[in-house]
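Quick heads-up: structures coming right below.
The same chain A turns up in both complexes below, where it pairs with chain B and then with chain C.
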Partner chain A sequence: MTNKNSIFKLVMALAAACILIPVILMAVCAFTSRWQWPDLLGESFSLRGFEEVFINNVQSFRILISSVFISMAAALFATIIGYMSAQAFSMYDFPLKKWLHFGSMLPIIIPSSVFAMGIHVYFIKWGINDSITGILIGHVLYCLPYTVNILGDSREALGNKYEQQAMMLGCNSFMAFFHITLPLMIPSVISAFSMAYIISFSQYFITMLLGGGVVKTYAVFVFPLISAGDRTIAGAYTLVFLLSSLLIFILFEGVIKFIVKKIVSAET
Partner chain B sequence: MKLKVENMKVVFSKKDVISDINFSVEKGEFVSVLGASGCGKSTFLKAIAGILHLEKGNIFVDGKRIDNVPAHKRNIVLVFQDIRLFPHMTVAENIGFALKIKKVPGEVRNAKVKSLLQQIKMDGLENRKINQLSGGQQQRVALARALAAEPEILMLDEPFSSLDENLRFDMRLLLLDIHKKYHMTTIMVTHNKDEALSMSDKIALMDEGRIIQSGSPEDIYENPVSYKVAEYFGDASFFEGTVGKGKFRSPEFMVECSLEEGEYMMMVRNDAVEPTEGDDFEFVQRIYTGKEKEYIYQHCVTGSKIRCRNNGKKTDSLPAKTSFRFKSEKLRYYKI
Partner chain C sequence: MIKKAVPYILLAPFIVLLLILLLAAANSLMQGLGYMPALGLNKISLDYYKEVFLNPEFSSSLLLSLYISLVSTIFSVVIGVLICASLIKTNKAEKFYRSVLRIPILTPHIVVALFVIIIFSQSGILSRICYQLNIINEINEFPNIIYNRKGIGIILGYIWKEAPFVAYFVLSFMESISVSHEEAAVNLGASPMRSFFSVTLPLSMPAILNAAFIIMIFSFGAYELPFLLGVTKPKVLPVQAYVEYSHPDLRHRPYAMAENGVMILVSLAMAALYFYLWQKKVKGIRKNYDK
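And now, the complex of A and B:
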């Protein structure tokens, strides 16, 4: 048992290291003036990267804010539609259910370039290409497979037994959902939203194609700057990217838990 | 009459799970629905509660038809076999849930929850999480939660099935105390015949989706209407034979009776069997249950078994070989 625990801890430490080391390196890069090979450490401490992000390139902050809102909207729609789909797939039987479930996974099965170009043709026909609406729809479609899967597994595991009990105690379907199902599904909802948000926020090719360069998200704006080769600036932009996403996750989790606590807690 | 069920039929996957059930419960009665696993007892309760759709039939409460009323408006609470306490709520929140839905003011609700906690002997555990409770405690909380809803009819689906013997006994007493205090119309599903016999005003025995006999515990036990009912309650031996010229004849026995001719199954309760002179049966086994001793004998020729209670006699008084006689008023015959 001790051996198994030790191995488990070792594996977890390695996994954490794989995630944290690149982030730490990126953070160090962001705060150095230059860090060239074969130097072991950067030349000196510098805020050049952040000056570039927040002072020299003011529009980056504006694009960051608009990207956050676009991705939050995309994640919200994807989570709501994903939940409704997950509810249907796990709780009901209807014709072609398996095929429809498979169909909901298609955006991640087919190559993203094929997916993006396919819907781009229709967006041009409908006049919503090069617009926020088009990008939003594209992102929602791309995020749906993730939200449907995450929420579907949880919904099926939860079942409808608690809802049935709630009905016995006087709840209609709506009340049973808000008082019982939603609070119990919160961890999955947060996971689905977070996944959809990060997929939308980091989406490059689909946004490039559907936005036509007219509508820029943070990922589209930052990509050429990161690939320019200046690690200090790349590190600064990446850090802003990571921290803004983390802030959104914390905010969303806090808001949802606050709302659920209000619903569940007894009035005094 | 509090509850009346007429011609109920429930179908799953084109198969009749409940067929043509007629059932009634008086106000304040404690009724057990008894039967083997898979006979449709839980389905019957769920259909009354409104969770399952009726293919046919009507349900009336106090003379008003409710089968077309949504489940949450029927004021019938079903406590499920798997308890289903809400895992994200504390004990107090679970118990007070129905009151919160009814928008009962906080002070009144808290007072009611406190009173129910005292009744189920769980004072001081209001803020416990459900996963911190034992099986018995969870069962008590589920019962209190149902009572808080003040239902017109309380239904329980095998409420003691997951509990050990001692706990079952305590929970039975608690339920009976509560039933006596609130005089609430109660329907309990169980497959335990001792529970049904000891707790109920009335028992309905189900088999394959139908009620095959309904009546008081004494009536069902002493006068089972069919071989199936008699066999379910056990505690008896059965012998196949024919009736002719005023006598029941089987390879093991010949008994006088006044039945029309035909093939019959004779049932004799274990406590109606008395040893007598003879050597038709040989001793096989003694069963000691703590409360009493039972002796199993086997017919020397046919191998049919008969069970006999020692009725307070010492072990040594039952011989290795004996014959038996019966108290004729305790014999029952079923045409086959």
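And now, the complex of A and C:
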């Protein structure tokens, strides 16, 4: 039995190593000045990469900030629309339900490049090409399968017995929603929002084509640097990429928990 | 009456977005059939599809896309399920492993491409290690893992990103089965190995199939990794289609759209296969329970 368990432990250790080694290597890359073949370690450590990101290239930092806001907006819309759809799917029975539910899988089935090329002409016609509105539409659409799924599963599991109890005790449906259902749904709202944020933040093709170079996100900005050859620069940019989303998650979770605490303490 | 409308009101923004997606798909299909009134092309025909299929470059693109999607899905699913099962068996340090597994899910594909370049390119870490161990003497002796026709770099990138996704996706499902059914099987005298393969694994199939379906369709239609890590010939289908799309001569559009149409059809076929397998599997499980 112990022998068996050690095999599983080995698998996990191996998997963790395979996941972590590239991340660590990238971080090391970002901090080296030059790293010539065949040296196993860089010549010396330097902040050249980060100087490039934050000081030399003012544009990059501005793009990062606006990109964070675009993805936050996309995630917010995707979470709200996802919640509304999840509510409809899990609490109501109606004709076309099965088809519409299948429809929520369509963005997974139709590749984002096909969507972007197909809708481009219409966005130009409607005057929303090269605009944040157009990009948001694309991003939200491609986040929806995940938010609908995550929120639908937990909404169904929650049921509406608590809400009904509150309403029997005299709450109206708004109060029941804000004081009972929403706080209970917070964990899945957080994971739906985070998932949507990450999908939007790493979206390349939709933003590239529908943004037309006018609206740039960080992913579009970093894309050409990946294969450009300077690994210090590429490493620094991607490290900032990853750290920024980590920071957003921590902040978001903190804010949500703070709000919930306030609601709960206001009631007692 | 109002009550009946509630779900539709809730679904209104979702339906609007869905219609935009369907419009994009319909537009791709129509333009692929040669219907572009703006260019004076009003005749609907299968000529563009025919031409596209007769083009040897297209068939190698399609085959490459299918091959990358299939191989990376098989590896990701097997490794992912292995990780998932191991995670359930190792209780210690589980929290650490769980957060490590989330890293690839949070990492954008663009960044994954950089990982692959740093490690597997000719000037990458592996090549340096080989030099230090005297396996190779020159940078050119290291095999071209990334930019080769078999798409090994692309597949490695997908496996790094998707195997943890499979593990994470299947985890809660498998965990609940492992606790209830597998232990019962062990109590009845099955070896842990046997109970895993004949109880837990088949019962987890719906979740595994679901994860496999998502990553297979995604890796078939994704643009980023193959663009960054692929060779110029043959290109995968989405990259090839975008080359046609961005051609300055607008009369190339229908070819791009015909290729996109093929992508839609293949993805729909994959979805149909998934629903067929899923229904069969679920029915099969129900049947076994009824016995």
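Quick note on the criterion: the second predicted complex is superposed on the first by the 244 of 268 C-alpha atoms of A that agree within 3 Å, B and C clash if a C-alpha of one lies under 4 Å from a C-alpha of the other, contacts with A are read in each partner's own complex, and residues count from 1 in each chain.
FYI, a residue touches a chain if its C-beta (ideal position, glycine included) is under 8 Å from a C-beta of that chain, and two chains touch if they have at least 3 such contacts.
Because the structure is predicted, anything quoted here is derived from the model rather than measured.
**Q** Answer with clash or fit: chain B and chain C placed together on chain A by superposition.
**A** The answer is fit.
**Q** Of the two partner chains, chain B (first) and chain C (second), which one does A:Phe252 touch, if any: first, second, both, or neither?
**A** neither
**Q** First (chain B), second (chain C), both or neither: which does A:Cys18 touch?
**A** Second partner only, chain C.
**Q** Figure out whether A:Phe31 sits in contact with chain B (first) or chain C (second), or with both, or with neither.
**A** neither
**Q** With the two structures laid over each other on chain A, which partner does A:Phe193 touch: chain B (first), chain C (second), both, or neither?
**A** In the superposed model, A:Phe193 contacts neither chain B nor chain C.
**Q** After lining up the shared chain so the two structures overlap, which partner does A:Ala88 touch, if you call chain B first and chain C second: first, second, both or neither?
**A** In the superposition, A:Ala88 touches chain C alone.
**Q** Looking at chain A, does chain C or chain B touch more of its residues?
**A** For chain A, the partner with the higher number of touched residues is C.
**Q** According to the stated criteria, A:Met105 is in contact with first (chain B), second (chain C), both, or neither; which is it?
**A** Touch partner of A:Met105: chain C, not chain B.
**Q** For the superposed arrangement, tell me the lowest C-alpha distance between chain B and chain C in Å.
**A** It comes out at 12 Å between the closest C-alpha atoms.
**Q** Just to be sure I follow: which residues of chain A are touched by chain B in one complex and then by chain C in the other one?
**A** Shared contact residues on chain A: none.
**Q** Quick one: in the complex, what on chain B touches chain A?
**A** Listed in rising order, the residues are 49-51, 70-72, 76-78, 80, 82, 84, 86-89, 92-93, 96-98, 100-102, 106, 109-110, 145-146, 149.
**Q** Quick one: in the complex, what on chain A touches chain C?
**A** Residue list for chain A touching chain C: 4-5, 7-9, 11-12, 15-16, 18-23, 25-26, 29, 37-40, 81, 84-85, 87-88, 91-92, 94, 97, 100, 103-119, 121-122, 137, 140-141, 144, 148, 198, 201-202, 204-205, 219, 222-223, 226-227, 231, 234-235, 238, 241-242, 245-246.
**Q** Spell out the residues on chain C that touch chain A in their complex, using ranges where they run on.
**A** Its residues touching chain A are 4, 6-8, 10-11, 13-15, 17-18, 20-28, 79, 82-83, 85-87, 89-90, 92-93, 96-97, 100-101, 103-111, 113-115, 117-119, 123, 125, 127-129, 131-132, 139, 160, 163-164, 192, 214, 217-218, 220-224, 228, 238, 241-242, 245, 256-257, 260, 263-264, 267-268, 270-271.
**Q** If you look only at chain A, which of its residues touch chain B in the complex?
**A** 161-162, 164-172, 175, 179-180, 183-184, 264-268
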